[in-house]
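One chain, chain A, links the two complexes that follow: it is found with chain B in the first and with chain C in the second.
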Partner chain A sequence: MPDTHDVALMAHLMRRAGFGADREELERRVAQGYEATVEELVDPPESIPRADEDLLFRYMPSLETGGPVTDPGAANWLYQMLNTQRPLEEKMAFFWHHVFATGNSKIDNDNHLTAQVKLFREHGLGNYGELLLRIAKNPAMIYWLDNNENHKRSPNENWGRELLELFSLGVGNYTETDVFECARAFTGWTLGPKIPRVPNHRFFFQFEFRPEEHDFGEKTFLGRTGAFNGDDIIQIILEQPACARFIARHLYNFFVADEAQVPAWDIEPPRDPEAIDLMAKTLVDNNYELKPLLRLMLNSDFFKQAMFQKVKSPVEVVVGTLRLTGDLQGLTQAVVPVARESGYMGQSLHNPPSVEGWHTGPDWINSGAVVSRVNFVADHVSDVDLPGVRNIVRRVAASNGKEMSPAALVDECVDLIGPLQVSEQTRAELISHAEGDGALSWAGDDDYAASAQRVGEMLALIAATPEYQFG
Partner chain B sequence: MLTTTVAGRTWHFSHSIGMHVGPEGFTHPSPVEAAADGTLYVADTGAVEGAGQAYGQTKIRKLRIEDEFLSEMDVVDLTWPQGLALSRDGNIYCSDAYHHAIFAYGADGTQIAHWGEQGSGEGQFQRPAGLAFDSDDNLLVVDTGNARVQKFSKEGKPLGAWGTEGSGEGELNQPWGLTIDQAGDVYVADWANDRVQKFTPGGTFLTRFGSTIEDGGQLRRPSDVAVDSQGDVYVVDWGNNRIQIYYPDGDIISGLYGDANAFSKGAQATMDVNPDYMRAFKRVNPVELINFGRFDRPRGIAIDGQDRIAVTDCGRGRVQVYAKDKDYLVPQFNA
Partner chain C sequence: MTTATKPPVLVVVQLTGGNDFMNTVVPYDNGHYRDARKGGLRIDEDAVLKLDGEFGLHPTLAPIKELYDQGDMAVLHGVGYPNSPRSHFRSMDIWHTCEPNKVGTEGWAGRAVRDLDPSAENPVTGVHIGQGLPRALVVSGVPVASVADLSTYGLLTSIEQEQKRDKMLTRFVNMYGRAIGTGPVNDYLGRTGLDALKGADILKDGRAKYSSGVEYGTDQISKNLRDIASIHTADLGTRLFYTSHVGFDTHANQQPTFDRLWTDLARGIADFWDDLRAHQADENVVMFLFSEFGRRVRDNGSGSDHGAGGGCIAIGPRVRGGLHGQFPNMAPEALESGDLVPNQDFRGVYSTLLEDWLQLDPVPIVDGTFEKPAFIQTVGAA
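Coming up: the complex of A and B.
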């Protein structure tokens, strides 16, 4: 039997560096070791597969075709999150979707969002500088931030501004002149007219560099002067100390503990300045390679001590619940409606509210979102026919002999749904509720079935506690 | 290119059929079957219910290979069609991987038979796929998840099975399409093993298609296979968006990549009443326009009695038709 603290720590790691894991996986990973698990997550060998996207498209070709709505693309992503064996790769794709927030509300061509997420999946654990260059040439991003309207004689600052404000440096680390000069450097980075959607489904925009649209003149950017183009601008950005700190703080907020929202970062100091300093230095020392930084972060004391210091995002709630309960594994059309659930809680995949992305932490919680969160989790964890819930019931039944007190029921359920940390008051309220039906018996089939239902009900009650909203 | 000439054979692109919308269009055309006289049956996979897409339900369309719509069958039960086969008496059979079942329809489109359930026992299926009738008018069914080929009478009585799961010679991994040649030998698109395997009627391995060396003959997740009257073997290279053509011994001859650069009849009619889309077409760089004709997830292939080759171009909502020119033309005529 693995040590309880080791299981709790592994659950913390898998919630953050993935989308959670059931108890069998946690115990397997505890036996493998914490650092070895971090290494597998950060640098997974080729032999560990992603979800088999071909299988999805073989049976549901409409999920590949794209279109004006996000359902197919969101369903595809949910399938990837549920079935990948490379969870950090998928979590990093999700992280970059937060940072380089692009929405189909404007793109109106959801296969471009799927292609962008694929870019994040394939390169999100690589080099930040290279990723920045790729996103600067990404058709969805170009259309989203109007760089196809950025011409030599009429620069459009949208991409240039967001590149500096939200994607690399943060407010306070550049001037309005820098924004304008940055925009000039990216003139001519545009899209070719694509084959129209009628009559044979949608085609993809392609990146084009048009020299006749590009401003080849001299620019002054962040104190440097030259005939800069977009590549030069990105290189200069990477040389700014603010850049590494900005990315480090984004990663800390997403993986470690809730921070202030991005627009406040120039006035609100980091929650843990030493951690940010160390992360930023690691990024610079490794030429913006992300794996050394992730390795350092996930093995650090500040990460291990940050258990339950984050409010779970809606996508984490949905995917974590499905992985815990074993629902929607493999091929099923139900990925389409279920992929909408996070939207009811305030987070629609492929549709962030703006280029600033989602506000995180306490902002996830409002009266409507909480009801949606609790209902979704409670509906699943109380369904004793789901394979993951059956496993929980089996473990509860095996834990205390044929008879079980209400207190033991609560403690077992709190352990197996997390392990979760609940206050004494919450525990007392849960026990009080369980006592209403007395002790549990696992003696015969009828008793087992009745007790299994009570386990499901208790798990649903726990899902409604304030503590369960933290991950 | 619109014409592919190699090894004394020439394939001409003929025309495309359908578009991705409209009453006579396709959404995601999947398996296709051809009668000798050029009648085509196309199973069209609809959108996942509730996905918010403007694509219709799964259906089977009957049409002429020259591009003439004949009828649509009443197939409300179909969800994930993976294979089609025409019996000698003119009934059309369709496998449905979602319901783990076979559905049969009469020539007028009414359902006449239905059998199968999920499982691994005799007569049960795990996502059935490719279908073909043998010379005795018995139906071979690729049983994907059980990695086997089952034989049935056309009424659905099980008559045996062969095949085991694996990647070794003769073993199968999530197979999809299937065909039978004039000698009665069976070709199975061994999807997850990136190859097609040829078997005797009893299931003994004969040869493979899909190179293991860099000779241009490789496959990535092939979905279907057909054989023409001269024995050339056509494989739908689903993962590489092309058709690979092989000699009967497995050596590669050539590939077809899709050449539908002209609109189909239905597409042209739509464009005629949508001048803005036509103007949008004219803005596209001619170099980019070549992609309009390329295959995008080809899924099914069928060949009629005149060696006219129909390929369902799923991602583009159309069928592309090629014709094989069997008369050898000496190269000097192109000099």
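Coming up: the complex of A and C.
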């Protein structure tokens, strides 16, 4: 039997570097070792597969098609999050969706967002500088921030501004002139012709450089002067110390502990300045390769000590619950409606509220979101027919002999749903509730079924605790 | 038939993304407008719904032109603030927090809710219809119900046995009550949990009371306005409603997007007021529309870039209808970086809503004293 602390720490790692894991997987990974697990997450070998996309498109081709609604793309992504065996790769794709937040509210071609997420999936663990260049040439991004309307004679500064404000440096590290000069350097980085139309969905845009639209003139950007193009601008950005710190803080906020919202970063100091310094230095020392930084972060004490220091995002709530309960494994049409659930809690995949992405931490909590979160988790964990819940029931039944006290029921359930840390007061409430129905028996089939229901009900009540909102 | 004794209610409709106000209320007779909008965005004299010899509404606003003609709609020109940052997020933050010089953490509408219900007795004094909660409504310790879908609102609804569910909800109340006092995030979470439960119970009762002969559109803003109408007519004590209509960031291909957004919105607003009138629940309501900024005077060929200085609209029987304030000088030499220079601080507009409508002291809410445009009828005036 693995040590409880080791299981709790592994659960923490898997919640943050993935979307959670059931107890069988946690125990297998504890046996494998913490650092070995980090290594597998950060640099997964070829033999560990992603979710089977070919299978998805063969049997549910609608999830490949685009359109004005986000449902197919969100469902596609939910399938990937649920079925991948490379969870950090998927979590990093989700991280970049937070940073380079692009929404179908404007793109109106959901398959282009699916393509953008695929870019994040394939390159999100690679080099940040290369990723920045790829996103600068990504058709969905070009359209989202109007760089297709950025012409030599009428520069459109939308992309230029957000590149500096939200994607690399943060407010306070550039001037209005830099924004304008940056926009000039990206003139002519546009979309190719929209034909031909492919049979079962809309055309795909392509990146195209049009020299006649590009301003080849001299620019002055962040103190440097030259006939810069977009590649040069990105190179100059990467040389700014503010850039590594900005990305480090984003990663810290996403993986370690909740920070202030992005617009406040030039005013509010980081929660853990030493950690940000170390993370930024690691990025610079490794030429913006992300794997060394992720390895350092996930193995660090500041990460291990940050258990339950983050309010779970809606997508983490949904995917974590589905993975815990074993619901929607493999191919199923049910991913389509369930993919909308996180939106009801304030986070629609493929549709961030703005290019700033989502406000995180306590901003996930409002009375509407509490209702949606609690209900979604409670609906699932109280369903004793779901394979994951059945396994939890089996473990609870096997833990304490044929008779079981209400307190033992509570402790087993709190352990198996997390392991979660609950306050003494919360534990007392849970026990009082369990005591209302007395001791449990697992002796015969009837008793087993009745007790299983009580486990489901207890798990639902635990899902409703304040503690369960943190991950 | 007067409902003047009922407490005043404010409905805020946020147009997210930067509504092109000068194409909403169009200065069609202004030569500078015609010059600047030659890239295809110009609305010509024969297309506008004329308000006077200078201004006309965009044709998609036809359903609410009637409200203007009845004297129930006020147009506020030149609203903004100095040194507009032209960033959506920052601009919206400024509108939400009334803090143009630093990042604020409290929302003006949340502060208004706090002052309307200082002891937080009614968790539905402020109601947001939509996903998440805009910063305008965020003030620690001030409950605001946020409802994505009014028809399914409730807690632990999967526990079918009513008696069992009630017992679990009692535990829920105890656990969230005890989280309060164990740190700021837990305080917030604890209070939010308690308010969520109480609010859900109130809204559930209210929903059951509502019926309407008005058939709203199926688009999101119409649905949101219908939810507001149903809560308002149920008399639950809600004083401030907030909802958003998103997608106004029209840098490119503006015309079809703008047309769709305003077609949905104008119809939704007209339906909303029809509904309220049918319920004799319109007299104590003012609706207020704003956007984080207007757009650049000169269009960019197919759309318009982020600008400064926009405009607002207020609607309701107690509104002083007509055009208010001075449209900023559009002459190229009078522009600042190609943008209109606002002449009415947005905090003054909020102050009118807060003081002359909601009867609150606006100074602590908007953090200062600003010139108030007189677009609300004073009590007793017809």
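Operating definition for what follows: the second predicted complex is superposed on the first by the 465 of 471 C-alpha atoms of A that agree within 3 Å, B and C clash if a C-alpha of one lies under 4 Å from a C-alpha of the other, contacts with A are read in each partner's own complex, and residues count from 1 in each chain.
By our rule, a contact is a pair of C-beta atoms (placed from the backbone, for glycine too) under 8 Å apart; a residue touches a chain by one contact, two chains touch by 3 or more.
Because the structure is a prediction, the values reported are computed rather than measured.
Colleague: Since both structures carry chain A, what do chain B and chain C do when superposed there: clash or fit?
Modeller: By the criteria stated at the top, chain C and chain B fit after superposition, with no clash.
Colleague: Contact-wise, after the overlay, does A:D3 reach chain B, chain C, both or neither (first, second, both, neither)?
Modeller: neither
Colleague: Figure out whether A:Q333 sits in contact with chain B (first) or chain C (second), or with both, or with neither.
Modeller: First partner only.
Colleague: Figure out whether A:E46 sits in contact with chain B (first) or chain C (second), or with both, or with neither.
Modeller: Neither: A:E46 stays clear of chain B and chain C.
Colleague: Which holds for A:D446: it touches chain B only (first), chain C only (second), both, or neither?
Modeller: Neither partner.
Colleague: Taking the superposition as given, does A:G436 touch the first partner, chain B, the second, chain C, both, or neither?
Modeller: Second partner only.
Colleague: What's your read, chain B or chain C touching more residues of chain A?
Modeller: Chain A has more residues touched by C than by the other partner.
Colleague: Of the two partner chains, chain B (first) and chain C (second), which one does A:F57 touch, if any: first, second, both, or neither?
Modeller: After superposing on A, A:F57 lies in contact with chain B but is clear of chain C.
Colleague: Between the C-alpha centres of chain B and chain C, what angle is subtended at chain A's, in steps of 10°?
Modeller: One gets 100 degrees for this angle.
Colleague: Rounded to whole Å, what minimum CA distance do you find between chain B and chain C in the overlaid structures?
Modeller: Value for chain B versus chain C, nearest C-alpha atoms: 14 Å.
Colleague: Please give the residue numbers of chain A that touch chain C in the complex, ascending.
Modeller: Touching chain C from chain A are residues 105-106, 146, 148-149, 151, 154, 156-158, 161, 165, 171, 263-264, 267-268, 311, 343-346, 348, 353-356, 359, 361-363, 365-372, 374-375, 378-379, 382, 423, 425-426, 429-430, 432-433, 436, 457, 460-461, 464-466, 469.
Colleague: Where on chain A does chain B make contact in their complex?
Modeller: Residues in contact with chain B: 54-55, 57-65, 67, 69, 71-72, 75, 192-196, 198-201, 203, 206, 333, 336-337.
Colleague: Over in the complex, which chain B residues touch chain A? Could you list them?
Modeller: 19-21, 25, 27-28, 30, 45-55, 80, 97-98, 127, 174, 176, 191, 221, 223, 238-239, 263-264, 266-267, 270-271, 274, 277, 280-281, 283-285, 288-289, 291-292, 296-297, 299, 314-318
Colleague: Would you pull the chain C residues touching chain A in the complex into a rising list?
Modeller: Chain C residues touching chain A: 16, 86-90, 93, 102-103, 123, 128, 131-133, 135, 138, 143-149, 153-159, 164, 167-168, 171-172, 174-176, 178-179, 182, 185-186, 188-190, 192-193, 195-196, 199-200, 246-247, 249, 251-252, 300-303, 305-306.
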